[in-house]
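Quick one: the structure is below, and I'll ask about it shortly.
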Amino acid sequence: MARFLKDRSQKLGTAPGAAVFVGKKRTDETTIHIIDYTNKEIREEFVSEASHLSGLNETPTVSWVNVCGLHEEALIAEIGSYFDLHNLLIEDVLNTGQRPSFTDYDDYFFLAVKMLKYDRERDYVDSEQLTFVVGKNYILSFQEQLGDVFDPIRDRIRKEGAKIRDRGVDYLCYVMLDTVVDHYIHIVERFGDKIEVLEGRILGKAEGDLLQKITDYKREMSYLRKVIRPAREACIHFSKSDSTLIHKTTLPFLKDLEGLASLSAESVETYSDILSDQLNIYQTTVSNRLNDVMKVLTIFSVVFIPLTFVAGIYGTNFEYLPELQYHYAYPIFWGVLITVALGMLFYFRRKKWI
Amino acid sequence: MARFLKDRSQKLGTAPGAAVFVGKKRTDETTIHIIDYTNKEIREEFVSEASHLSGLNETPTVSWVNVCGLHEEALIAEIGSYFDLHNLLIEDVLNTGQRPSFTDYDDYFFLAVKMLKYDRERDYVDSEQLTFVVGKNYILSFQEQLGDVFDPIRDRIRKEGAKIRDRGVDYLCYVMLDTVVDHYIHIVERFGDKIEVLEGRILGKAEGDLLQKITDYKREMSYLRKVIRPAREACIHFSKSDSTLIHKTTLPFLKDLEGLASLSAESVETYSDILSDQLNIYQTTVSNRLNDVMKVLTIFSVVFIPLTFVAGIYGTNFEYLPELQYHYAYPIFWGVLITVALGMLFYFRRKKWI
Amino acid sequence: MARFLKDRSQKLGTAPGAAVFVGKKRTDETTIHIIDYTNKEIREEFVSEASHLSGLNETPTVSWVNVCGLHEEALIAEIGSYFDLHNLLIEDVLNTGQRPSFTDYDDYFFLAVKMLKYDRERDYVDSEQLTFVVGKNYILSFQEQLGDVFDPIRDRIRKEGAKIRDRGVDYLCYVMLDTVVDHYIHIVERFGDKIEVLEGRILGKAEGDLLQKITDYKREMSYLRKVIRPAREACIHFSKSDSTLIHKTTLPFLKDLEGLASLSAESVETYSDILSDQLNIYQTTVSNRLNDVMKVLTIFSVVFIPLTFVAGIYGTNFEYLPELQYHYAYPIFWGVLITVALGMLFYFRRKKWI
Amino acid sequence: MARFLKDRSQKLGTAPGAAVFVGKKRTDETTIHIIDYTNKEIREEFVSEASHLSGLNETPTVSWVNVCGLHEEALIAEIGSYFDLHNLLIEDVLNTGQRPSFTDYDDYFFLAVKMLKYDRERDYVDSEQLTFVVGKNYILSFQEQLGDVFDPIRDRIRKEGAKIRDRGVDYLCYVMLDTVVDHYIHIVERFGDKIEVLEGRILGKAEGDLLQKITDYKREMSYLRKVIRPAREACIHFSKSDSTLIHKTTLPFLKDLEGLASLSAESVETYSDILSDQLNIYQTTVSNRLNDVMKVLTIFSVVFIPLTFVAGIYGTNFEYLPELQYHYAYPIFWGVLITVALGMLFYFRRKKWI
Amino acid sequence: MARFLKDRSQKLGTAPGAAVFVGKKRTDETTIHIIDYTNKEIREEFVSEASHLSGLNETPTVSWVNVCGLHEEALIAEIGSYFDLHNLLIEDVLNTGQRPSFTDYDDYFFLAVKMLKYDRERDYVDSEQLTFVVGKNYILSFQEQLGDVFDPIRDRIRKEGAKIRDRGVDYLCYVMLDTVVDHYIHIVERFGDKIEVLEGRILGKAEGDLLQKITDYKREMSYLRKVIRPAREACIHFSKSDSTLIHKTTLPFLKDLEGLASLSAESVETYSDILSDQLNIYQTTVSNRLNDVMKVLTIFSVVFIPLTFVAGIYGTNFEYLPELQYHYAYPIFWGVLITVALGMLFYFRRKKWI
């Protein structure tokens, strides 16, 4: 519930730039993880207090500070102060209902996207807010809870001589976004497979959960669209930005990211359209089936109703009913019945109902 | 009724710029409230005559004049004259059917939006016109009646040392708009919750008020779209404006406001689409249910109609009806009936109807 | 009929710029009305010959020449010649199927819109072509027949000291357009009221004319869209034009006009969407009602068909039918009937049909 | 068949710029007609060989070369060589499946549109490819077969002193395009009339061919859209082109052409939407009619089924059936039947079914 | 399955620019084919090792290197290194789920499109990734497997004196793209023919596979749209690119290519819309047919149910049932029956049901 919009009621009436957490608390403890590297050295540590971050933005090393857990508003605000961040930015970091976006604040830029999580059992997608602040030589990333898709990136950074170690924070930011968008495509793909499987079942026999599935997938597509479309916008803004923090060598990568984001957004549209088509076709199938049911009813009724009537006639107790006494009446009666029945059946055959 | 468009017939044929009130009178008295502040001092008063406002636009303090009640056309025109406002602007202030918009008149700028009110009992949204005139050191806000969403802002202004006291009118205007847009999101959210709850009920048993609810929410979404879409446009124009009245430090806030307005507009679209999907799925559910009803009818009819016919045959009064005299006729008759019935049931089983 | 497009067959094959009247003749006589004013003086007259207009474009006074009736092609062409108008413009004036548009011919600009007329009895909108030519100190307006929405403007011009007397032709042109667009909104509003009333009836009992009304209003909305959308475009071109004939002081008014035109166009879209929703919901209601009808039929059939069958069994004339002789057969028979009936009813109750 | 796309299989695998005819041969002979004029003189002739065209592009007269029949690829290529045309252009001239477009080749420009033909009997539109090459003082027009809409233009050219004789090739090209687009509107209009007539029939009694008509018109609208939309684009490109071949005095005419093309494209959209609405409303009408049918069936069944059951009871042959002997049983029996029937009718009356 | 999106799971977590093959292996062996030509000479060979390509980018000849088979990641990376290609480009070449796109890397540009394959038997389209790298004097093309649509191009190159031999790599690239897009149109055309044939069948008698066909074609149109739309974008970017590698003489060809790509994309939209219309009309046809079925049932039931009831009355065994003894009762009884039946039929005739 309320996946589509976060409850912002806590925030109503507060000053803009106020550090207020909006969302559901997903972790008890805030974890701060620092990776500090040059192409020669690497230092990694978990710190418990924000004060360890003081001065990080002045060292020449690339510093990636990853913060998991956003409910300790004061802590986040403190982190912000060490990096001279705008109040508004802190507010946006704390607001998990933030719309994916790219904002350039001269000395640093800010990126908000959603990280998608796919619940395999329930065919259900949930999202976690992920925000970046990228400065001259640091990158802050904020997540709602521990557990993300960045472990392969960390491994690459740890490997000595890896290309990522030679490049700056803009490239690191790109790599992280690229991973996030790759996961978008991965998830859309999973739904795509399931949606393509549905198709074969629509024209088959009615199955109870088909409509349920179409409904579910349509809702998930709405959700994915809501997440991915503004993320694509953010990627395009990122790639088109003239921020001095982005090196020229990173630009082709950002261009590529743009294409990837477009691919994921277009695929969501394609699958949405396919689902709408499926629903339409399913409706037609239901109507066709009703036609079949009614034809069976009609054929039986129309054949037997006149027969029953004729039988009723000769079940009457009129005293002077001449046919009843006639010796061959009964066989003739049967003859009439069979003729009527065959006539009816012939009529339906001509109508192509049987 | 007529929520979507205000009756402008009073205005037909009047000169442009004529101070004519368009709308429903919502209050008997016009209230004028002034907050006049610098970062050091604050003065607050309710005045009953417009003449108290004379000269306010020349003091260096930030003056926020809030006017509730728009039916006294002469009063509003008088206020306008103290601030040298364009006639057209006065006309727009008085026209409660004004389209949300941002207009830059060199010396001041004008903003019109709607303030939404949510009627919890009837799941119904109503709106009140809210217009701003922002000059060098004053801000005029016009509302249709007392009671607004700005009390937290007033409280913040009253607090000594609050940041809002250090900033100019452009920031105050932003804060007010931000509050209004935050309320948009808050209201969309409430409908969103209700709409997401509907979904679970659609595939369940038919419930009488489901269609009513979908109808209601669709209408409310149409209404919200009509209010929020041009408001987003106005926010974008505000943020992109090159008015000299907007300080550079306010720009990031306006950018943020833009994102917020887009979020609310997109959410309305998302929920509109979800409702359309729900209606579609509900229609399919209704068709499915009809199929079920017809299957029951058909199965019963098709099983019993031939049986009744056979019974009718042996209810005839033909004198020479050999089977009737045969001693085991009756049990055989039953045998035939049961065989026919089972045959029918087997046929339906094979068709997967039962 | 043919409201949507005018029959242009008269024109097929003529040279561009040929003065050919396209449309239905709506008046027998062409009327030419002149108002010639400065802020001091005013002269008003009806003239019967175009030659009276000669030289008008050279006087310093503001001259408003209003021509009603377009079928006298030669007359219109003559008028054109006195004001040095482009042939093409004359052609456009005479073509009542002209698309609303704004065209700048350096020395003058040309505006074509539709004036809407609402037929209250038939809920029907018709339109009349209205074209303007605005030069340095004259304005020519062409209508298809007498009777327009400009009388309040004429009254204001006649009033000594009125602001309109101080301003130029560009402002007069704006005032006229403003009046026309105000009438658009007025008419959309009337339909809006009726459409909102429909909503309450859709979920109620079926009423014969509901579908008729939805059909009618949809068609009227199509018509309004066809008229208003290009009119909005024309207003935007007018307001964005860099014609030297438009004074800087008129610009805020044109901006306002733009907003008004957008409001009317958006309202048409909103009501169109609402009507589509209504039709959808009505369809679902019809399906629901069919379900109800079928349930009644099914319940009755299913309850009585087996009972009738049982009665039929004991109406047979088998000689050896042991139950018939049994003394308590009849009451037991009733017992069986009632049990079967109750069983059926219980079954339907469990299915929530009753 | 294949009206929507031409079979290009002949062309698959040929070099770009290869002179290959794509389409169906519509004439046996290629006809070349030349009109060569200044405002003083005019020369007109039919030539059979392309060599007569040699040097035409160097005379100061305006030369209009009209070629009917495109299957003689070599001939067309030869014509191209006399005017120094790009190979690609020759390819486009020969490809009758060409998309309407405007291309500027510095020394000349190229225009491709479709000429529509309306088959009155079958309510069917077919199109013929029409391409122009407009150079400094010549215009080449290529058609698929003899017979076009340009005779009035030829007549005007032949008239001494006609304005068209004073103007250049750009104007002649405009006049021809204007005629083509006028025919678009003329054809849309004809369908419009028929579509508006349909409306009255939808809510009336079912008529067999209504659905057929809606289907036909929808298809024709799809076809018109496919032809007219890119033609509008081509007109806009033509009018916006900065080719030196277009005189300033021709620009207002091109602007006018743009409006005309937009009008035709918008009308196609309007009628398409109206047809979709009509189909929707027709569907609802069909559902309503089903409801009526089912109500009749249900009322009859529900009234008579219980009556028949009661009659069945007293048709049983139980020996101890006390009511049968009772003297007034028969009238009482009738009383019961009538009461039951009236009760049912009263029930349906309350449900508003009768 | 998974035609719409390629399974990228192999790639999740790898570094950007990593040479990882994404897709289904379609060939066992990688084939490298080189055509090296000037307008005088031509050399052609199949090589098995990438090392043969070393230095090719420095010869003045035009070199077309065609690589079939992408699963040998190391080989592709090696090829890339000989031509100094960006890692990212290699990644894109290997990713067969790449979105069609055009990317300019200063020294060379990169183009990705899909080559469509039509499976005639199953009315099914499949695609193969096709990527180009175009440098100063070389063109690399990468395909997933042997067999393409470029043989006619190869033949033309082999022909001495062919125009293609005089032009550069940009033209060769254009020719290849043109061939690919020509095949798009060819395939859309084939579906178009089939879709137009469907139309005639929709209003005819129900045929079992019609719905299946509509479903299939809709899905294929979704697929074509997904392939062709971004391909059109790529063509437009190619044609609008200011890369120095594109000669001015190639520009008209690229413009033409743009038109061709637009034609194919628009045709897909047109056929998609036609299919949606067909589904709608088919649904209405199904409803109409249900109406027909129900009318037959209703007419029969309504005529015979009262008759059967009357017969039932006189089948009762009341002792004092005066009519039974009356001598003419039986003929009168028949008279009543026939009158009732005729009355019913007259009623239905008046309702236009028969």
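Just so it is clear, A, B, C, D and E label the chains in written order, and each chain counts residues from 1 on its own.
The criterion applied here is as follows: a residue touches a chain if its C-beta (ideal position, glycine included) is under 8 Å from a C-beta of that chain, and two chains touch if they have at least 3 such contacts.
Keep in mind that this is a model prediction, so the values were computed, not measured.
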- Message: Using the contact definition given at the top, which chains are in touch with both chain B and chain D?
- Response: C
- Note on the structure: Separation of the C-alpha centres, chain B versus chain C, in whole Å, is 25
- Query: Between chain C and chain E, what is the gap in Å from one C-alpha centre to the other?
  - Reply: 40
- Mind pulling the residue numbers of chain B that touch at least two other chains? 283, 287, 290, 294, 297, 301, 305, 308, 312, 315-317, 321
- Message: Which category does the touching pattern between chains fall into here: line, ring, star, complete, or other?
- Response: ring
- Query: If you start at chain D and step next to chain E, which chains follow, in turn, all the way round the ring?
  - Reply: D, E, A, B, C
- Item | Of chain C, residues touching chain B in the complex | 149, 151-152, 156, 162-164, 174-175, 178-179, 182-183, 185-186, 188-189, 192-193, 196-197, 199, 202-203, 252-253, 255-256, 259-260, 262-263, 266-267, 270-271, 273-274, 277, 280-281, 283-285, 287-288, 290-291, 294-295, 297-298, 301-302, 305-306, 308-309, 312-313, 315-322, 352-353
- Can you name the residues of chain B that touch chain C in the complex? 1-9, 11-17, 86, 88, 92, 97-99, 101, 103, 105, 205-206, 211-212, 214-215, 218-219, 222, 225-226, 229-230, 279, 282-283, 286-287, 289-290, 293-294, 296-297, 300-301, 304-305, 307-308, 311-312, 314-317, 321, 323-325, 327-330, 333
